[in-house]
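Each of the two complexes below includes chain A, the first together with chain B, the second together with chain C.
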Partner chain A sequence: MSHLIEQAKFSCALGGLQTVLAIDKGIPIVHAGPGCAARQFSYLGNGAGYQGEGYAGGGQISCTNSTQSEVIFGGEKKLRATVEGTLKVMNGSLYVILAGCSAGIIGDDVKQIACEFADEGYPVVGVDAAGFRGNNYAGHELVVNAIIDQYISYEVPKANVEKGLVNVFSVVPFQDAYWRGDLYEIKRLLEGIGIKVNILYGSSSEGFSEWMNIPNAEFNLVLSPWVGLSTAKKLESIYKTPYLHVPVLPVGLKETSRFLRQIADFAKLDSTDVEKFIAAEERRYKNYFVSFGDLVSDFGCYLPYHLYTVADSTYGIGTSKFVIEELGFTPKGFYDIDNPDVKSKELVESLLKDIDVRYEGNIVFEGDNKVIQNDIEKKLDDSKVRSLVLGSSWDKEMVTSRNESILVRLSLPITDRVILNKSYVGYNGGLTLIEDIYSGLFADGMITNTTHADH
Partner chain B sequence: MQIIKAGVVMDGFKIAAASTEGVSIDAHFGHANIYRVINVNMSDKTWEVERIQEINFPGIENTGETRCWGHDEMKVTYIAEKLKDCKYLLISKIGPHPQRVLARYQFECLETNMTIEDAVNKIIEYEEKR
Partner chain C sequence: MMSNRLAQSEVTIRENRLKSIIYYSGKASELAKAHGTENFSCKERSYSQCSDCAQMTAATITYFVRDAAVVVHSPMGCFANTPLNDTQFRNASIERGQEPDKVRVICSNISEKDTVYGGVNKLKEAITEAVKRFSPSAIFVHSSCAAGIVGDDIEGVAIDMQEEYNIPIIPIYCEGFKSKIWSSGFDAAYHGILKNLVKEQPEKNKKLVNVFNFLGSDTFTPLLSKLGLKPNYLVPLADVERISRMPEAACSAHICETLGTYVSSVLESEFGVPKVKSPAPFGIDWTDNWLREVASYTGTEDLVEDVIQSEHERIAPELERLREKLAGKKIYVFAGDAYAHNVGSVVSDLGMELVGMTTLHHDMMVDSKETEDTLEALVKKNGDIENFSVCNKQPYQVLKILEKLKPDVMIVRHMNMTILGGKLGIPSLLEGETNISAGYDGIITTGKRLLALIETKGILKTLSEYNEFPYSKWWREQEDPFYFEKGEKA
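So, the complex of A and B:
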């Protein structure tokens, strides 16, 4: 039965256009009604800590602005004209046509149109990203798989395997507001143990040339419970490239070191070099961590210790694992917002229960933030315990008005923070998360020694 | 919408097609002065041209006025009144301003350069699926 979503935690498949924007000089061409592309930017661009239009996003997106005329008479003619115009005025390394709902319903064949331009030598691919195909996690996968299927596999039909080269398929750009910093940190860590990385998105990437190098990787790394898995399987089928599936995003000391050792083992790297890098990173991490210990002992009675997570399975599991295992929080609720399929749901549940058995009965798969808030509100009211909520800007009032709880903005929308290179991934990300959680103690001002002593 | 023809009530609607020579949709809204008003019968999916509606604005009839009237609300309203029995308006091009005025009369303005026959058949197909 259909129902209304009051506060959607994700966008529709057309949100895959933001994935195109995350590729250097990637140009999306939207075949949809007026407003569709703008809404995506509003939610996934501005709503992700004001990330800006970028090279060809926001108000600059080429769009057919389909109307009733296209619905009745077909929109392929207008789309051809729009693609021709885009190729003339926008200098890109890759052009991705994304068809929205109306084009999907009337059956405009965007793949065929993309194929016509590709035959002329233009790097154009077509994706049916109609909203009813799924959310923007699905849209992200549709875009990535289409680029591989329709362009890369033709241009690079045979792999020329490069030892130590790895493609990383992990967080969804923009839907993960911290994607730029996250990918930078993942690349830094992997390079630290001697891996050469195709990180594929953002300024850490070398651009579309990295994509053309995808077939030559020694293996693919899927760093997420389910997003990216279909791409790795596709590459295994086309190029026989093996893949390593690491479902937990590494956050903090324990998980990051474990992650690096797992990669080193799979890639058969020299353990001496790997352990040297890990030891240096751990030493640096522990130095900071120990200095934070004083705050924990001084302000012990002010600390939050219940944890509620409202995030996707990739970021949510990684950060929650860190907060529980390294900061000692008690899990009270995990609200998975990315709508995984049945098998992936089972994996998410099993990963969470492995972290802490107290997740049993406290895992909810829900895309409507209002439904999630209703549940958390009740739990906070019942427990009367100062808690940490890994949520979004929408949760600010709900969190801060209950038990002086602390909100760390983890999932979209994040509209009261500006996000540039921040990340909660890796050793550095763990430290940043500690900063943000415990800075929450002082959100209403300084806790003086006098007040402190009164408690 | 019901059309009464020879005393018989039929399911259908009317389409105004801006066409100078009567074959293709070939006129911009701001210059179109001849519309073929087409009667569509949805019960048997047939259609016929009911009338040819000429647009002659009062006071400037036959003066050879060639300026675009798409931004003149009075003139757009005048056209809308002449064609208000129609549901669809088939036009080669139309700007957002006249579309807004015509929306008050609940016209669906469709831009196309197809032949009248092809366009009307597409609309019938669309109406059938609705």
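So, the complex of A and C:
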């Protein structure tokens, strides 16, 4: 993985502020330079299909706007005033201080300051999220773990386990542009088999009360190859809560049914109820699937059949597995952009090879989309095959100008689509992905059986 | 010969050089009266929402040079707003009749290790990679908070590598923590350009007028061609050669004093290019005066009065129609210092009621002392503005102003701020593309855009109905939007 970046696929650790915004009435307080919060919003808000400021984001984010005097004399005094102001002006359920590069280098103790407010009874947490500490996947984990360490573990020191209650740690809000729809679907599926879900983010969540209920879960579900694992391990050590690690995000019928059975098995649910839910979902799904069969039967020789994926390991593996297993594509390249550690890289590689042995030699870990683009470009030029690229708005020109290939915008940045409740997860997400892939056949005009599929 | 103003590596930040402020509340006339004084200080409020930084403004100058590259020596977050830049560059090129272009930018992606051991090697690697990937005619190197505090010697690296690659490598000192005024980043970028790229031009082109602007459409050609003159658009969308030859122009103008104050002043004092001292050409009389002054530097005085008269006659019928439709509409302007004054001049000509104005900072002086003060000019033209304030964004404060003034429409220059109006059901004209509001046609264009806004505001009514603000009951009931400026603590 090259460390230089021409085309960004992620932001820095301070991007964790968007995780705070994803919590109902979560209020970030940024202790950083004057431009830092605006950049995060630009990439993770506007760049995620025009997800705006919402309740308390964008230009409304409290910030110390640290300049020379804070860098020279320390910024703790100004931070205290900013926290006091925020508590007075902004209604929130939880306030998270995030320190950026300047505070990180000079060594302001944000945790200590958060602690002072927490001692007075305010729900305030402090995180060193300096940009140089890592990308926003790291920033997301820092924020979640700090909320548990600094607030929840004090307020709820002992678990009072509730049978059937599960915390879900999965996609990273905003970095997954479809997080709102995805979490809604995950919750719908789990509730469908009789599980009570703390989904934690977005309006599918009941709010911060769900977070306070985290210690009481029967088990934690980590639905991603690595993001969230550190949180599950932390909760295991604090509350002895067991966790189930499901690295493949379920997309489409086969994987979603497998996923639900795996959960049911782990949670020892009554299989009759579970199978009843699965059967109803599958019946509905199959009806949809069969109904678009005419199109793919008519135009088999014009369908794309090579697959390239540019995404993080969570979303990329889930969607690719579906496209290969149910839609019959041939994998040609998997470009993992989330910079997993060595152990997680091994897991990602083995998961992909389990999906399809043809992934061997076609897995790249890379943070610069330009480097990725050059590689795909060459492969498309060599193969001359109409392909599907699960990528981002960066790739539009490169993909659509080669072999009439089809781009589905899967990962950030997404700047030429508006995203509200769309999702590619679960039964419903699989169907949506089918719509978007095959609608791509008409992006340039109409194909008909009498015009040799020309426009 | 390196002159005095360009001898230093860096230009002094605005709060020290221009005594700029980020807070004021009162009458416009009172602030205008204080022009040139140090009666106000750059005091901060005790509670703030997020601002913007100098690296962002430096980017608006340097990212769009047609054959240059930019290395941003920073962690990834500082680089994270680049995805839309390609589209901006392409669309703006097409709008100007140029070949579509894309940005050439690379981030050194500073990590924790680099903050301990220094990031100089990474910077060198990024410069080498930029040369390899883009074969640029010049490279701008942006510093950042992390690089600045750690103390990476970007100037040393630039000098070394400049020799190695034989192209100008230009350090831009735009660290976000340096200044409370994000416009300091314009000056930082121009300073680097003036110091390292711009060359004395013995041959002058009497027909060429420098126009410092952003990525904007070509509205100055129709305006200047009537005097037989040509605009020399700088710096975005120009190439390195054109930038280096900017002293050959007959004079320098700009679309906004805030943007062009430093560069046009240095061009005048160090390279002998006269600066146009009238306010930028926004609104009828400001455009008249601007044209007259441009004429005085270009030997076209004999033409200018006829041009002005025929332009007035040309736009009169359309202007009359717009004035009838916009009569009595209350407007509020929320934009960056002098540009807000420009917009005020335009809406004054459209016969609208300017109920209030908030500028994002205020320069208490400008770089060339003889320059006419745009705020004073606006007060003279429009009459006093009772509800005038200076505020570096701060939607929590501006919300209270809007609730009190209840404007029909807003003109806003910055992204992320129109939503504040939107949540109140008030439509905003986002002035992203500043050039189209300039000149005589700019008045007509602005009027038409404002009318369209009033037609599309239905969706905002729904937005305001569904919205919940995060602000507390205590804050909503506070009388004074500027509570936190009065030395009050929370």
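Couple of notes before you dig in:
Everything that follows uses one rule, which is that the second predicted complex is superposed on the first by the 446 of 455 C-alpha atoms of A that agree within 3 Å, B and C clash if a C-alpha of one lies under 4 Å from a C-alpha of the other, contacts with A are read in each partner's own complex, and residues count from 1 in each chain.
In this section, a residue touches a chain if its C-beta (ideal position, glycine included) is under 8 Å from a C-beta of that chain, and two chains touch if they have at least 3 such contacts.
Keep in mind it's a predicted model, so treat the numbers as computed, not measured.
Placing chain B and chain C on a common chain A by superposition gives a clash between them. Contact with neither chain B nor chain C is seen for A:Trp226 once the two complexes are overlaid on the shared chain. When the two complexes are overlaid on their common chain A, residue A:Tyr201 makes contact with neither chain B nor chain C. Of the two partner chains placed around the shared chain by superposition, chain B and chain C are both touched by A:Val71. Of the two partner chains, chain C is the only one touched by A:Gly47; chain B is not.
In the superposition on chain A, A:Gly131 makes contact with chain C only, not with chain B. Residue contacts after overlaying the shared chain place A:Gly100 against chain C, while chain B stays out of touching range.
Using the contact criterion defined above for the overlaid structures, shared-chain residue A:Phe259 touches neither chain B nor chain C, since it reaches no partner. When chain A is checked against chain B and against chain C, the one touching more of its residues turns out to be C.
Across the two superposed structures, the residue set of chain A contacted by chain B and also by chain C is 67-68, 71. Taken together, the chain B residues at the contact with chain A in this complex read 108-112, 114, 119, 122-123, 126. Touching chain C in their complex are the following residues of chain A: 3-8, 10-15, 25, 27, 30, 32-44, 46-47, 52-53, 55-56, 58-68, 70-71, 81-82, 84-92, 100-102, 104-106, 130-135, 367, 370, 393-394, 412-413, 415. Partner chain A is touched in their complex by these residues of chain C: 44, 46-56, 74-84, 87, 105-112, 114-115, 122, 125-126, 129, 133, 144-146, 149-150, 175-180, 182, 392-393, 395-396, 415-417, 419-420, 468, 470-472, 474-475, 484, 489-490. Those residues of chain A lying in contact with chain B across their complex are 67-69, 71-73.
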